[in-house]
Each structure stands twice: as C-alpha cells, then as structure tokens.
Amino acid sequence: MALLTRSRRRLQSSAPFLIVILAGAGAAFFIIPLLGLLLRTPWTSAWQQFGSAEVLAALRLSLLASVSATAIALVLGVPLAWTFARLAFPGRSVLRALTVLPMVLPPVVGGVALLLAFGRRGLVGGWLATTLGIHLPFTTAGAIIAETFVAMPFLVITVEAGLRSMDTRFEDAARTLGASRWTVLWRVTLPLVRPSLIAGAVLCWARALGEFGATITFAGNFPGTTQTMPLAVYLALESNPDAAIVLSLVLLAVSLAVLIGLRDRWLGAS
Amino acid sequence: MTLEARILARVGDFELDMELGLSAGELVAVLGPNGAGKTSLLRALAGLLPLSGGRVTLDGAVLEDPAQGIRVPTEQRPIGLVFQDYLLFPHLSVLENVAFGLRARGMARTPANREAGRWLDRVGLSAEGERRPASLSGGQAQRVALARVLALNPALLLLDEPMAALDASTRAEFRRDLRRHLESFRGVRLLVTHDPLEAMAMADRLVILEEGRVLQSGSPSEVTQHPRSRYVADLVGVNLFRGRASNGLITLAGGGSLTAVAGPDGDVFAVVHPRTVALYRTRPDGTPRNIWEGRAADLDLEGDRVRVRLSGLPSIVAEVTPVAVRELGLDRGDRVWIAVKATEVNVYPA
Amino acid sequence: MRARLVAALLVAIAVGLVSACGPMAPVSASQSGLNGTITVFAASSLNAAFTRIGADFEKRHPGTIVKFSFAGSSSLAAQIQQGALGDVFASADQPNMQKVIQAGLTSQMPIVIARNDLEIVVAKGNPKHVEALADLARSGLVVVLCAPAVPCGHYAAQTLQKAGVSVKPASQEADVKSVLSKVALGEADAGLVYVTDVKSAGNAVEGVAIPPALNVVAEYPIVILKDSQNRALARAFVSYILTDGRQTLARYGFTNP
C-alpha cells in the first residue's frame, strides 16, 4: 500500500495531471475515428473488395504517384530549402511564403491554379502542349504534379529547419580540409541533416498519398490513369459506402506500414 | 616558410585590426580574453572571414588582398585549422574523418584510407579507426582532429583553444602530448588560447590580443616581466602602473606617485610584485622610499598567502603571510601603511 | 458624391428600422395557422430553384422559416441514414431516395416534383462543332463525364448506350459541377451535364440538345421524413412546390413531371 502511494506520487510529480488528461483526450481524438472505421468494416465482403482490379489499380497508382511526387520534391525542394536557409536575398521571405502557400490553400483551389498554369489554356500549359507535346491534365503526370504541388512544402520547411539548426562550422571545417562547396554539400551538409531529410520526405510522401482536392481538380479522375486511392474512396462513398470503408482501411494500412517501417529503419525506434 | 599578415576585418560591431608575422619552426600563441578576436583571426587566416583590408601572404604567395581583389578560397589555402571542439564529422568513422581531406583533394578511397591509417597510427589511435567520433574521449578526439589536419601537410597550422574541450585534470598530460606532435610539424604554427598557462607552456612567442588589437608581443618571459596591459598584469599577478617618469619619480596616471632607482624618462610602465609590498600599522621609518597610507578593501587567502587589496593613491595588491595578517590584526576596512622599496619598482618604456 | 452617400445611409437606416420592427409584428399572421421551422435536405442541383421557392413560401406564410441543406444526393441520403434531423428530402435521383425509403425513414411515397434532361455542354460558340452524341466519339475530342457512381454519370452512360456511341472519357468527374468547370476552363471540349447546369453556368459555355428519344431523364423525387417535427409545415411546403413552385422550377431549366 505504501509502495503504491509512493509510486503514484512519483507519477504525479513527473507528469502534471492536466497534461496527462489533455494528452489522453488528444490521443482519443485520433483513435476514436479510426476505431469507428475499423468497427464498421464489413469484414466478410472486405476481402472481395480488396482483391478487385479497380482497387489494385488505384493502390498501384497511388504508390507510383506519391513516390514520384516525393522524388520530385526532393530534387527541387532540397535546393529550395538550402536557398532559404543559407542565402540572403531581397524578397526571400515573400518567396518562402509563396512556396509554402499550398499548405494553407484549399487543395481544390490549388488544383484550379494548376489548371490555369499548366492546363491547355494555362500560362505555360499551352506552350508545353504545342512545343513539347506534353499534356498534364487527365494524365498520371498531372496527378503527380498535383501531389507534388501540395506535398512539397512539407519537405521544404522540414529540411529548411534542419539546415538552420545545423552547426554550419562543420561546413567550415570541411572547406578548410579542401572540400569544394559541392563536396561539402554532398559529404557534410546533407548527411548531417539526414534526419530532417527523411522526416521531410516521409511527411511529403504521406501528404501526397492522401492528396485528393488538387488531384481531382487538375488531373481529373479516371481509373488506372488518375484515380488514386483517395479519389476511389470518395467516389465509392457515393455508391458503395462499404467499399469506401474498405478502401480507406487499405490506404491506412499501407501508410501505417510504411511509416512504422521507416521509423524502425531510419529514425531508430528508441 | 613565413606568414605575413596585416588583418582588417569586421564581425558585426567588432573590428579586428592587427599585424602578425610568423616564421617556420616557431610556435606562436595568441593569448587574450574571450571576445578579444582570437577565433576571428583564425577564421580570417583560413579564409572563412573575408578581410575588409590588409594583406595575407604565406611563403610569398598572396592569400588575400582586398585592395587587389585577391582572395584565395578556403579550400585552396594550404592551411590546417584544428577547431576548438574539433568538429569531427559525426556521420563518418574516425578513419573516414582523417581521410576526408585527402579524398576531397582527389585521392582515391584506398590510398586515402591507407594514408589516414598511417596518421592514426602516428597519433596512437590505429585501433580506433572504425569507431564513431561520438564514442571517443576528448583527448582521442583532439588527436584525430590533429591527424585529420596534419595528413594534408599544410604550410600553416592553426589551433583554436586546443585544450578547452578537455578535462582540467587531463590537460597537463595532453599538453605534453600535443607539444610532441606539434614539434614534428615543420610548417608555421599558430595557436590561440585564453589560458595563459597553456600559452606559456607551449609557445615560443606570445601575442597578446585584446579588443581586436595587439597589445604586446614577445617571448613568455619578456611578456610576463614587462606586462603592458592590465590583462597581462592580472594574468601574471603583478601590480601594473602607467605614468610619466622623470629622474626616477613616476607620476602615475591614476593618482599618486612611485619612486624607482633607475629607468627611462617619459611614458613608462611600472611593475610592483605583490610580495614586495610591505604593510605596517604605524608609519615605518628607514629605507623604503615609497610610503603611503591606504585602506584594506579585501583580504583573500590564496594557498599559503593572503592577498590584500588596498585602496589608496595608488591602489595596490599586497601578498603577505597569514601570520603577518594576525600580527597586524588586519581586517577589512582597516587603515594601514604601505611600503615599497624603490629597488622593487620595475620601470620600462610604455 | 456626398449627397449620394447620405442618401444611401438614410436608406440603410430606414431598412434597418423596418426590419427591426419585423419581429414586433403579430406572430400568428399566417391565416393558414402555419408557423415554425422546417429543414429541407435537397440535392445540389436544386440549390438556386429551391432557395427562390423557399423565399416565396416564407413570404406567403409569414412566421414560417424554411432552412435548406444542399449537398450531393448520396451524401444527404447517408446523413439521413446516420440520423440527421430534418423534415423533407428532395433527391436528384431515385436510387438515393430508395435508400432512405428502405431504411424506413419516410412516412409516405415520394412524389416526383421535376425532371432534368441531359445536354451536351461545350465551350461558348461550339468551336469543335459538336452537334450530336455521335460526335463525342471523335478522336482528339477531350470528353469528360461524371463518374458512373454518381447519378449524372449513370444517366450519361445510359444515354450513350441508347445512342450506340462508345466514348472514352478523359476523366470521370466526382460531380456534375466539375464536368462543367472542366469545359468552362477549356480543359475539356465537351461533357454531358443537366440542362439546369448549362443554364446556371452563364456565358462560358453553351448546351447542345440531345433528342428526347435518346435522352435519359433525371427524376427529382421529394418525400416527407418520418421524424419530421413539423409535419403540417412540411406538407404545406411540398404542396407549394407542386403548385406554385412549378413555374419557378421551369424558370431554372427543370421540366415538369
């Protein structure tokens, strides 16, 4: 009994009661909707849904598009983050605000903006179509562009924060050892911000995987070409809510598996 | 091999304005309090801090001359810099750290690793090549940082507070160690530190830096015997006065005067060692030529001696035995007579 | 300039006074004895027409308030099945109405209040010269349809089947407004939408009529829900739609049943 009270007192002193309550409410806020999804799942018909060609096509397309979007975001977003973190130039804060705008912009508006830019009659879309023969709307490439547009800011701000918090004297040390700026970037800077790179890429990928509004607005919805999982879920909700629940679960399972896998692999499950 | 540097550089409001000449084989220590500009000096020499004026040449080759628009980038300077906290790359093994510079300068992986291994051997760490820097002790990290720089055979070796990251208890040992490694190096060596003991133990010549300016330069014994700044005088533990001398009578800038037996006329420094300052309850008779009355502002027991800070004209510090303090019945705030023999006042030109 | 501003202010104050007096008027002004509030769940495509009808109804019966919740028919059906409280449900198709009926949430048989024809929507001026359903199969023509899961897609598929035309759409949009906007923005050359949508879309697009023989007509059934808290008012509103509301519906492009 004495032991019990002592351990309880220790618990209280190490974690304020209010914090524990609020944290519990916060966790419940996430868990209860998931629980609702799980409990309402028509498990018997779930397996049939899961194996259907349309679901597999949507899943395949979702993975392809989200991974491609993450790759593009890495290629373009890391230099952007580096520029924001390391170069001082007039208009930097404005440019930074513009590039993270897709985080607050309703994705559907983002999709319309993309149409106005890369659509058939868009600012550069017309030129793309006539000179290069590239059509983005209604194509898988368009779905990837839409996902990149919405998801890349997550990578940019994460990597920028990593670059800002890193000790730049390591870069100085590398230069005094004869490393060119390019070598410094590849062999010192990027390895040192690797946790931020991974976290940013994972966030970006997760956002791309769940992307709906910009994709359906810019790329449209066609099974096998532009119908990603979230689009399939939304449409299934119209006709067959059971199927929608199963599709959501598939999406959930895939993202959970990847996130947990990455965590164990790279972020060190400590 | 020589380094000739005239350095003008700004970091925010801070301005570094100094000249420095170093020759091969010499180990020079730049000594100064924190914020004196020591690290800025090293960064300027390494090309990490651009000069606003001046000129740096190493063995006759111009490294930087803003007036002529010359600025050799850091990675092309034959300069090795050992950083204060060593800055070993945490994502690379010890061996890869040492091989980093060789690889960056175009050596293939295999010969670079072999060469790095030789250097690790030389600093006695051949068994630690596969370890990560985070698992090394401070002394080991210091030796890896040194090997990483020496492997590139720089013409100029810069060390930023090499002992600061080490445990106080192990410093003496590592200082000997470092000195041994530095002796084998043939280029120009420059070390900056705020630790006078370290500077005096290691360096052939001291350069005293304060607020971005050189106050004094010379061998350790010259500098300690003839301090030219309050900073050095405090370091050495002597009383330093500045004044105008005329026929042995020095009128002090801060009030009061001192008589010395000999010395130059004009602007002078005068040094009085605290142990030569005598204290009396009543005015003494006899030989001492400098006698004045003061008040004991503070008493501090230091080792087997008591340091008595005295306010008067001039204010001075005396060092007496605890027995003397008891015999005098001296306490804080007491009035006391201060006597310094003229022969103990050491005068040299300012 | 200033005079006009003052006039505007005076008008604003006057209007404010009048409306402020409103609630002071006798509450039981309605001769029919109707009062209170009802909530009407209505398909998105009814938005403009029903808003108008609702306002007219409230004017006719002072003291009554008709609230609307507009959304896609299937969303509304799902909401009602999940227990959303309301009095009237107007669907854009029969299947969604059937869901609510089968769930036992209605108190009578539904009544069809309006029909909506399909139309080919093209850019203003019809630059691609789309004249008939058969043209939609032309290669190089970008056609968007509604997804088969939503009513307009279902109807589009039926119409095309009737006409014996096989169309490969570039996209199967989630709703009819998306089809319309793809054509309005110039991304698509043609689409199949309701007549009412073309009418409400304004100047960017125009419609190409589909012959009645090939057309599939969307029916809009309405029903009073079992849990209605103001059955009298709900009944009055439904009968108002079937009488005076017809003209309004026709004005917005619906045809009478």
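Chains: A, B and C, in written order; residue numbering restarts at 1 for each.
By our rule, a contact is a pair of C-beta atoms (placed from the backbone, for glycine too) under 8 Å apart; a residue touches a chain by one contact, two chains touch by 3 or more.
If you're wondering where the values come from, they're calculated on a predicted model, not measured in any experiment.
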Innermost chain, where centres are averages of C-alpha coordinates: A
Of all other chains, the one whose Cα centre sits farthest from chain B: C
Chain B and chain C: spacing of chain centres that average the CA atoms, whole Å: 86
Separation of chain A from chain C, taking each centre as the mean of its C-alpha atoms, in whole Å: 37
Rounded Å distance between chain A and chain B, as computed from the means of their C-alpha atoms: 54
Residues of chain A touching chain C in the complex: 112, 115-116, 119-121, 137-138, 216-217, 219-223, 226-227, 231, 234-241
In the complex, chain A residues that touch chain B: 167, 169-170, 172-180, 183, 187-188, 191-192, 194
Complex interface listing, chain C residues touching chain A: 72, 74-75, 78, 142, 144, 147-150, 169-174, 178, 182, 185-187
Chain A contact footprint on chain B (complex, rising order): 43, 46, 48, 73-77, 79-81, 83, 87, 89-91, 100-101, 104-105, 148-149, 152
